[in-house]
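In what follows, structures are represented as structure tokens.
The following pair of complexes shares a single chain, chain A, combined with chain B in the former and chain C in the latter.
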Partner chain A sequence: MIRLQKDTAKDLIGLHGWMGVALGLLLYVVILTGTLAVFEQELATWANPLPEPVPTAFPKGIGPVLNDIYQRNDPAYGDEVFVFPAADGRLRALFHTHIESDEGHGVEKGVLALIDPTTLTVVDEREGEVEALFHESSSTVLTDFLVDLHVRLLLPGQWGLLLTGILGFAMLAAAVTGFVIHRHLFKDMFTLRKRGDSVLTARDAHVVAGTWNLPFAFMLAFTGAFFSFGGAIGLPAIAYVAFGGDVDTVTEEVLTPPIPTDESPAPLYDLEAIFDDARQRTGLELTGLQILHWGRADASVQMSMQTAEGKLLPDHLLYQGATGEFLGVKPSLGQEPSLGGDLAGLMSPLHFGNFAGLLSKIVWFAFGFASAYVTLSGLRLWTARRRDAPGWAWLEKLTGWVGYGLPAGLALTAAIFLTAGTELSLVFFAAAGLLALPAFWLESDRYSSLNRYLLAVLLLLLPLVRWLSGGPLGWSTLPGVLAVDLVFLLAGCGCLLSIRRKPVTPETLRLAESV
Partner chain B sequence: MSIQAFTLIAVAFSLVCLLLLALSDPKRARVSRRAQVMVLSAETRKALTILSILPTLVFVPFGLYAPLLLWLGSVLVSGWLLALLLPLFAEVEKSMGTSRRFSKIQK
Partner chain C sequence: MVFANWRWPRIFLVGPLVFLSTFLTVCGASVYLPAGPARIDNVAIPLVLFPAIWALLFFYSYLDSRLIRAYTVVLLVLGANLALVLLHISGGSQ
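Let's turn to the complex of A and B:
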């Protein structure tokens, strides 16, 4: 229990509440989309499945397929090659180089190939500027949109990263002030008064979820802010201080393997033999591949392996490209193992929760859900208490719109994408606009209920829409897809049941928030 | 025994400690206006709290940080679910608690 002076406590309560009011809705968008993005792979597979499950990201025989792509394209594109599985299991192979554009600034140009790992066939291959290629050739449009909404709030350039970075710090501040102002946080860990017995249920539910979620709220907020600010500010800042502002040189210094430059031509060693050696050394499968200077004597082949059981970070194996000689295990950042490199490497598993398969994903999803619930319930408590004051009624409606309209809008966007496959941003904004309309004639409680009904109905309809749009149906062929269907059905039923329960009245919320 | 199996056992062990802590929580019983299902002394509750985090003594020295995170996350989520679900069993608890030392709770 933290004892505070009355004035300090009052100031902190104000800070906690006003910060929530100012940034809470945007924070809720980031948290909710991040929570869904924990299951990015499962959702991408659900939306656009391969004919059969993919047993491994890099199947046997992928080496010759990559070699064919290299042979039939401009050899300059072998300068940097990245091969990695998309969220839906298809492999993306990017062969590219850095050139100077007509306007005089550096651009990346190359070939992006999409490979079906079950048949080892190239299903799509495009040449052009890299940024545009990723936009044009994607098999994971739906989850790309979800991730973009989470990472950048659909804002262009670095603005989105800056905003989500600020929101990460706002979440940290809300967690700290929440921890300090709830004086009996740990004593109240199990205190949840039954609905109908007490007007404090709403506040209890907010505090209980916040308490149990506290350590992970800190962790997710910090790692999220790290990712946002790392790209938007951190890297340019390092480049400015130590590399004359050249971000490419920083990246090269940090990520390029320490192999002496030798531009003389030399064929790449048998990729399949290198892959097999890596599998034998680790007992694990590949998850990513980077080849630098394909076709030169100083070529390097670096592979990311699966994370071993009990570990947080995967190993990266480095080979001499021309000879196939094993050069060692490379740290994920820099050329030598370092505390900074390890800490930076830890940010990814700590934020994404993907280090122990489905189990860790379920736990991370639960914390994301709890954080979203704490944000929304906090906003509802705050606005309901002030609903009679001018302007606050609209914030309450706005909370209902974002709180329940956002998931409903996302479900509607997914349904339209499955049937029509149109531009998702437009569909999403149209859906959001449509869902906002009833707010003009319904009072806020009815408006929130309407959005919750819509959400429930859309969740229940999603599996049907997927099936009617040509998706697979048999459990034996793609159990993962049907498992996601089942989750949508259960979530829809849960949503309906929660609406049928006795609603928390505005009076309850007002009394609860004032305690 | 695999690391994942050991992690699940550790989660179950901590969850049992949490359940005992929840059932013997005097404040939870007081605000629900019912007798406690289980009355434990403050020392026993402190011991249970320490026991609930005992698995860290295995995870940390052996550098098992992934299982540590998984255990911590699972225990915290389970604790939250426990707090949410226990009120649903209020009637059962009530019938179990009526024969207990109700006077002690009212103090």
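Let's turn to the complex of A and C:
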């Protein structure tokens, strides 16, 4: 039991509620899209599957394919090479260098190749400015859109990161106040009066989901704020201060492999032999590759390996590029193990929940879904109580629009993308606009129900749309794709069943919020 | 009730002022924290602690019943770190 002075408790309850009302809907968008993005790989594969499952990200024989790309392009692009799997399993290989543009500012220019790892063929190869290349050449358009909505709310540049950073801080404040304002935290965790008064049930469902979810919500908010603010303004500013303004030179010194500069030409050692050595040393498969100064005597080859059993962070193996000599194991950040590197490295698995395969993803999805439910049910409780007060009715409809219209809009966007492959932002905004129209003539409860019906129907239709648009059907070839189909069908049925249950009336919600 | 009086000064304090103060605190921390063996501790640790420092200053400035005292504390944190950062940058650029 947490004892607070009466005034302090009242202030914190007020802060919890107003924080939710002011930023709750945007927070809900970020939480729901983030929850779906936990299964980014599965969704990307579902939307655009390879002919057969990919056993490893870097299959044997990938070395010569990379060598061919290097040989047929400008050798300057060998300056920095990054190879990494896209969410759908295809490999992306970026060969690039830093040049000065005609306007006098630095830009990255190079070649981006998309490789089918099952056939070891280059399916797409484009040359140009790196930023544009990633927009033009993507096999994961649907999940890229979902992640962009989660990370930047589709806003341009750093503005989206700043906004989601603010939302992260709001969620942090809501989680802390949520913890402190419970006078009987442990009792609240187990109080769900299902057979009792429906008024109490509505409130209990919000409280139970909220209390169980508090540590997770705190962790997600903390790591989310770290990623958004860290990426947008934190890292550049701190690095500027820490290194006295000379960020570029020191960043290079700290992050690039410690190999003395030698610009004399030298061919790269057999990549396949280096990969095999890395596999043999660790007993693990590669997940990423970085080659610096390809074609020079000071070339380096650095590989990210799978995370070993019982560890949270992966190791990185470093080789001398020209000789193939093994130089050692590097941590994720920096040249040597350090507290700062470990702390920063931990943020990633804690936020994405990808450290223990499908199991941790399911747990992260469940808690993320609970966070979205708590945000939405909190808003419904708050607005239902005040629906008769002037100015609040619009927020109740807005909650119905975003709460159920957002997933319905996402499902509609996915369906249109599968059939027509059009620009996703336009489709999404058109779908959102279309779903908003009934709000002008339907009263709020009927409007929410309509959106829920639409969501259920769209979820049930998605597998059919995927199949009709030419997707695979056989379970034996791509079980992952059909498993996602099954999840959509179950979610659609669940949605229909939840609508058929006795609805929670506005009067119920009003009374529940006031309990 | 902390919002009963002086609502807008309180909102200004817990909103922009606390954020600016947090931002300068993590920048300041990168000056006095040791860089460590990998030379990244003074950057990575303040960055990771950014949300925690914000939460600390936010709840303090929201819950302190004496607004003047809350302003004094937050402005002291802000001023001290700003001075540290400016001294470091001007020293480093010479």
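Note that in this section the second predicted complex is superposed on the first by the 499 of 515 C-alpha atoms of A that agree within 3 Å, B and C clash if a C-alpha of one lies under 4 Å from a C-alpha of the other, contacts with A are read in each partner's own complex, and residues count from 1 in each chain.
By our rule, contacts are C-beta pairs under 8 Å (C-beta built on N, C-alpha and C of every residue); 3 or more make two chains touch, one makes a residue touch a chain.
Remember, predicted model here, so these are calculated numbers, not experimental data.
Colleague: Clash or fit: chain B against chain C, after overlaying the two structures on chain A?
Modeller: With chain A aligned, chain B clears chain C, so fit.
Colleague: On the A-aligned overlay, A:208 touches which partner chain: chain B = first, chain C = second, or both, or neither?
Modeller: first
Colleague: Who does A:216 touch here: chain B (first), chain C (second), both, or neither?
Modeller: First partner only, chain B.
Colleague: Count the residues of chain A touched by chain B and by chain C, then name the partner with the higher count.
Modeller: Counting contacted residues of chain A, the larger count belongs to C.
Colleague: If we overlay the two complexes on their shared chain A, which of chain B and chain C does A:340 touch? Say first, second, both or neither.
Modeller: Touch status of A:340: second partner only.
Colleague: Going by the contact rule set out at the top, does A:312 touch chain B (first), chain C (second), both, or neither?
Modeller: Touch partner of A:312: chain B, not chain C.
Colleague: With both complexes superposed on chain A, which partner does A:366 reach: first (chain B), second (chain C), both or neither?
Modeller: A:366: touches chain B, not chain C.
Colleague: Taking the superposition on A as described, I'd like to know which of chain B and chain C A:382 touches: first, second, both or neither.
Modeller: Neither partner.
Colleague: Looking at the overlay, what does A:225 touch: chain B (first), chain C (second), both, or neither?
Modeller: second
Colleague: Once the structures are superposed on A, label A:173 by its partner contacts, choosing first (chain B), second (chain C), both or neither.
Modeller: second
Colleague: Taking C-alpha centres, what angle do chain B and chain C open up at chain A, rounded to the nearest 10 degrees?
Modeller: With chain A as the vertex, chain B and chain C sit 90 degrees apart.
Colleague: Rounded to the nearest angstrom, what is the minimum C-alpha distance from chain B to chain C in the superposition?
Modeller: Taking the overlay as described at the top, chain B lies 19 Å from chain C at its nearest C-alpha.
Colleague: How about chain A: which of its residues touch chain C in the complex?
Modeller: It comes out as residues 7-8, 10-12, 14-15, 168-169, 172-173, 176, 221-222, 225-226, 229-230, 233-235, 237-239, 241-242, 244-245, 253-254, 331, 333-341, 343-344, 347.
Colleague: Under the touch definition given earlier, write down the residues of chain C that touch chain A in their complex.
Modeller: 1-3, 23, 26-28, 30-31, 35-48, 50-52, 54-55, 58-59, 62-63, 65, 85, 88-89, 91-93
Colleague: Where on chain B does chain A make contact in their complex?
Modeller: By the definition above, chain B touches chain A via 2-4, 21-22, 25, 27-28, 31-33, 64-67, 69-70, 72-74, 76-77, 79-80, 82-84, 86-87, 90.
Colleague: Using the touch rule from the top, collect the residues of chain A that touch chain B in their complex.
Modeller: Listed in rising order, the residues are 187-194, 197-198, 205, 208-209, 212-213, 215-216, 307, 309-312, 349-350, 353, 355-356, 359-360, 363-364, 366-367, 370.
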